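Just so it is clear, A, B, C and D label the chains in written order, and each chain counts residues from 1 on its own.
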Amino acid sequence: MTALDFSTTLGNAWFPAPTFTASGCASSGRELSQFFDIKAMGGVVTKSVMLKARNGRATPRMAETPSGMLNSIGLQGPGIDAFLAKDVPYLVEQKARIIISIAGETVEEYSTLARKLRSVSGISAIEVNISCPNVENRGLVFACDTEASRRVIDGVRRTIGGELPIIAKLSPDVTDLVSIAKGVVDAGADGLALINTVLGMVINLDTMRPHLGGKTGGLSGPAIKPIAVRAVYQVHAEIPQVPILGMGGISNGRDALEMIAAGASGVSIGTASFGNPTAIMSIQNELKDLLIAKGFTSLRQAIGYAHRPESE
Amino acid sequence: MTALDFSTTLGNAWFPAPTFTASGCASSGRELSQFFDIKAMGGVVTKSVMLKARNGRATPRMAETPSGMLNSIGLQGPGIDAFLAKDVPYLVEQKARIIISIAGETVEEYSTLARKLRSVSGISAIEVNISCPNVENRGLVFACDTEASRRVIDGVRRTIGGELPIIAKLSPDVTDLVSIAKGVVDAGADGLALINTVLGMVINLDTMRPHLGGKTGGLSGPAIKPIAVRAVYQVHAEIPQVPILGMGGISNGRDALEMIAAGASGVSIGTASFGNPTAIMSIQNELKDLLIAKGFTSLRQAIGYAHRPESE
Amino acid sequence: MAGINKNAAQIRANVVSNKRVGQYHQLIINIGDLAQTCRPGNFAAISVGGENSRMVLRRAFAISRVSANSPSGGTMELIVAPHGQGSKWLCAQGEGAILDIVVPLGTAFGIPTEPVQVLLVGGGYGSAPLFGLAEVLNAKGCRVDMLLGASTASKIYAPMEGKRAVNSLRIYTEDGSMGQTGRVTEPIAGLIQDLNIAVIYSCGPMAMLSAIDEIARGTDVVHQCAVEESMACGIGICMTCVLPVADADGNISMLRSCIDGPVMDGSFVQWDKVGKAL
Amino acid sequence: MAGINKNAAQIRANVVSNKRVGQYHQLIINIGDLAQTCRPGNFAAISVGGENSRMVLRRAFAISRVSANSPSGGTMELIVAPHGQGSKWLCAQGEGAILDIVVPLGTAFGIPTEPVQVLLVGGGYGSAPLFGLAEVLNAKGCRVDMLLGASTASKIYAPMEGKRAVNSLRIYTEDGSMGQTGRVTEPIAGLIQDLNIAVIYSCGPMAMLSAIDEIARGTDVVHQCAVEESMACGIGICMTCVLPVADADGNISMLRSCIDGPVMDGSFVQWDKVGKAL
């Protein structure tokens, strides 16, 4: 068997494998460890945590759609203090690699969250989920506004210092994804997470009203995979030096390889775990086998391969 | 059996049923008439026609995706003169109701196309496909830019005069769909067509390169239905007086009713016809039955129903 | 907060049989040794639609009964209503079909340590887990009375064998096509008094559970109900299946019905806040 | 420009049988009276994956042979290679399965009015329609010689009965596991001269068709080839299946291979421009 270097890096963080949970799709990590050893995967990206505890949106919070689903959870969570006290120690104890996802309603809240993380040990990176409504600007989602996105990342960067890699998670619901990506990189992001869910809606034909408690919800799953691959490809084409954590509909090793060829250094798996608790491990194994079958000796060689001219 | 008024209007154009082909998904209409009487549906929206004949993009032009497909046809077509000479007379002869879709690379080209249509009889409306690259502005798609969108519609409106309804067809790949919608309505659009395809990509794992000749393509089919319903709902919430032709993944009567409840006055069916040549007729029949079963006596009552308060 | 059911495992399991019973399908599925770890109230999460399915989420079904030593090994029984595409697909799976199942999931009905008088109330297919529960309660020496309700006769699930463990069974249909005409909740207040009920176990539509809770409130009766919220994952990782539930101090939070439920203490569930944002 | 095949209809059709033949599956499907309108070269477009399928597009398969009066009514035969999810699903459909089919589609091979010498060249499952074609040509008094090629023996489709109408059959495999070692295109130039060939009929991978065309160019031989482009609809409404083809005046345009093909005059196809923008 050929030896394969399956490791990857996101900024200065190293991971033995390129497969991660997607934020909000693995709860605290505990539940999945019923099905596999969570330190065997690349790492856990935790559910976006906010400063205060939050109850989230009204139910129904989900609707299945063709090859996908809508969710409107509304960032239910225990707040950063309880999260650091209860959830992080568990993951550290399991020897899982940890990327903490944070979310806020103001630029200030993101910085405060970053401050709380500064001294926490055992964390590999921070994912900054900026697909949240900015209460200081008519609820306009940060990630939909280049300037607001920059300010969030700038604040986090200043607070956290230069050590911990910052991964900015962007929304695909924008006219010009590349300029937002460039903006957050300028502001200090070491990497990008692409893509968050796509805004969608389902009408319940019994009530003839929007089905979800939150009316609109985020579309995820295989349905959005072509959108995610395009987003990763577009951004990698413009700023190839910036590592990307690619996600959106990845359900098998082939999907993961598509994303990596488009330019992702690692992949997050969300919705697929709902349908199959061991999805991440299967994807990780299938990806490894595929890379070996194609004659790669390292994952690194495959990253962004689709950008090479036809002749190569 | 309850009587149902199944008719609809888009601007001052009247149609006996609210079900249309989607532009580019029915060729000239001839091919479908092998399978059903094309005057039995609401109307035919023709493939976007440009001023000159065009060969379109390289193959492969399509890739199937989970519950959807990507296409990159590149507006292959005979040019407006040949189109008016050959294709329109056939449709008129069949007594089909006709919405002509036009596309251009400059504001001027759209106006010129509109001028050519001014004197053509037998046309119910014009659909202006502004999801085309603007050659005068670095290839930026018109529909992604509020100002460029307005200018296209303004030009068409001035040329065509006040008679023929103008339906502006918008792209969902924007940060703020509502403001673009408002802009084109201000500029003279009588109605809106929502949504065009979503930009996507598939990597071919044999070649490890983008699969499509045009690299990126437009995602259509059931996968995008939640995005389309959301787009229609968002726009109808802000400008309820403007009729919307809703499309994106409609495959059965229930999908059509979702779109109508979200705010569409009519629906276009594209990808579903590829999988099932008689899709439009089944959808039309199913929608009719559903409306009757729910106790509606006219289609009109169901339009935008999902916006009513829960209590009603 | 509870964690995921420690016995849960993902398996590929064989359909032993599939029989139509009224408007439902009774599926017997071989789940081997896992049958021994299933408790009344637990549920199974099943992949639907096969390999090329556009349905990406599992479907949840209450375990109706288990048999640890049936001729075909450990089996569980499900009672499935053909509702939408997923459950219809499941109802179409014949003998020998292979299903991808995660089981057992969720909390179980609490069993009293003393023999007491209990009332079991089921609505529609909600009666399914009650017969298995009745056997366990009966073995504990409890006196089990049962009320079943549905809109119409074909939606009453009440197998002959199931009645062995039950002292009395009364059936209510809204259209009067079987048993008494009316709602299953009507006689409950009376029965609580007449029979000196200690625990009500309920399973059925949320509106029924909420109505029972209202009746039980102010009495000493413990109400254990199996709730049914839309679930995307069934294993506690998605946060879609939540319900507003109070803790002992009265603090209300959104608990996952797949992990902290489906069986919950009805008096802690904030019925008036279900489906609303807190 | 040609229009859609005037005989095309959408039907629900029964699978009569499904047999493995080497790496392929031979499906016999009952299409009733439509069998009478199918011509060699026509194809069928089939829905795949069943009711809850995530595959939204039909799959195209050449009609291998038809039998207007088989015991089960009019039938057609398809030779299907299990390639991706859709064709694998089709290969898994057993006797009695019901398929949604649009048939017959596309152009047919032109049949000479005089009895002439013809050469049939098939690559892989591309041989499927050639046996039905051979029967028709044979009935016209043509002398039919056939060359079949594939990478390996199990990908050669050459049924015993099919050979009746053929004067000679030579098989080429790249790995030498059956017949001669090498490519099926190698002997063509020689055969054209030796046998005084008037028409070559070909069906197989695009690279093979293109190579044959290069050989035929400059000779008097007419080359009728059945092309294979990715098709989204099969009925001419999507414009995905196009090929650059010249008309009599040398004007090149992108023609739909589902309507103006699959059978085309090879000398008009712009092989060097296939897969490029014009």
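Basically, a residue touches a chain if its C-beta (ideal position, glycine included) is under 8 Å from a C-beta of that chain, and two chains touch if they have at least 3 such contacts.
Treat the numbers as computed from the prediction; the structure is a model and nothing was measured.
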Chain whose mean Cα position lies farthest from chain B: C
Distance between chain centroids, defined by C-alpha means - chain B, chain D (Å): 36
Intercentroid distance (Cα basis), chain D paired with chain C, Å: 56
Chain B and chain C: spacing of chain centres that average the CA atoms, whole Å: 47
Chain C, residues touching no fewer than two other chains: 54-55
Touching two or more other chains - residues of chain A: 66-68, 221-222
Arrangement of touching chains [line / ring / star / complete / other]: complete
List of chain B residues in touch with chain C within their complex: 66-67, 222
Chain D-touching residues of chain B, taken from the complex the two chains share: 24-27, 30-32, 34-35, 47, 55-62, 64, 66-69, 71, 73-74, 76, 213, 221-222, 251, 271-278
Touching residues on chain B, where the partner in the complex is chain A: 63, 65-68, 70, 144-145, 173-176, 198-203, 205, 207-210, 216-217, 219, 221-227, 229-230, 233, 249, 254, 257-258, 261-262, 290, 294, 302, 305-306, 308, 310
Chain B contact footprint on chain D (complex, rising order): 3-4, 6, 8-10, 47, 54-58, 100, 102, 229-230, 232-233, 235-244, 253-254, 259, 274-278
For the chain D and chain A complex, residues of the former touching the latter: 54
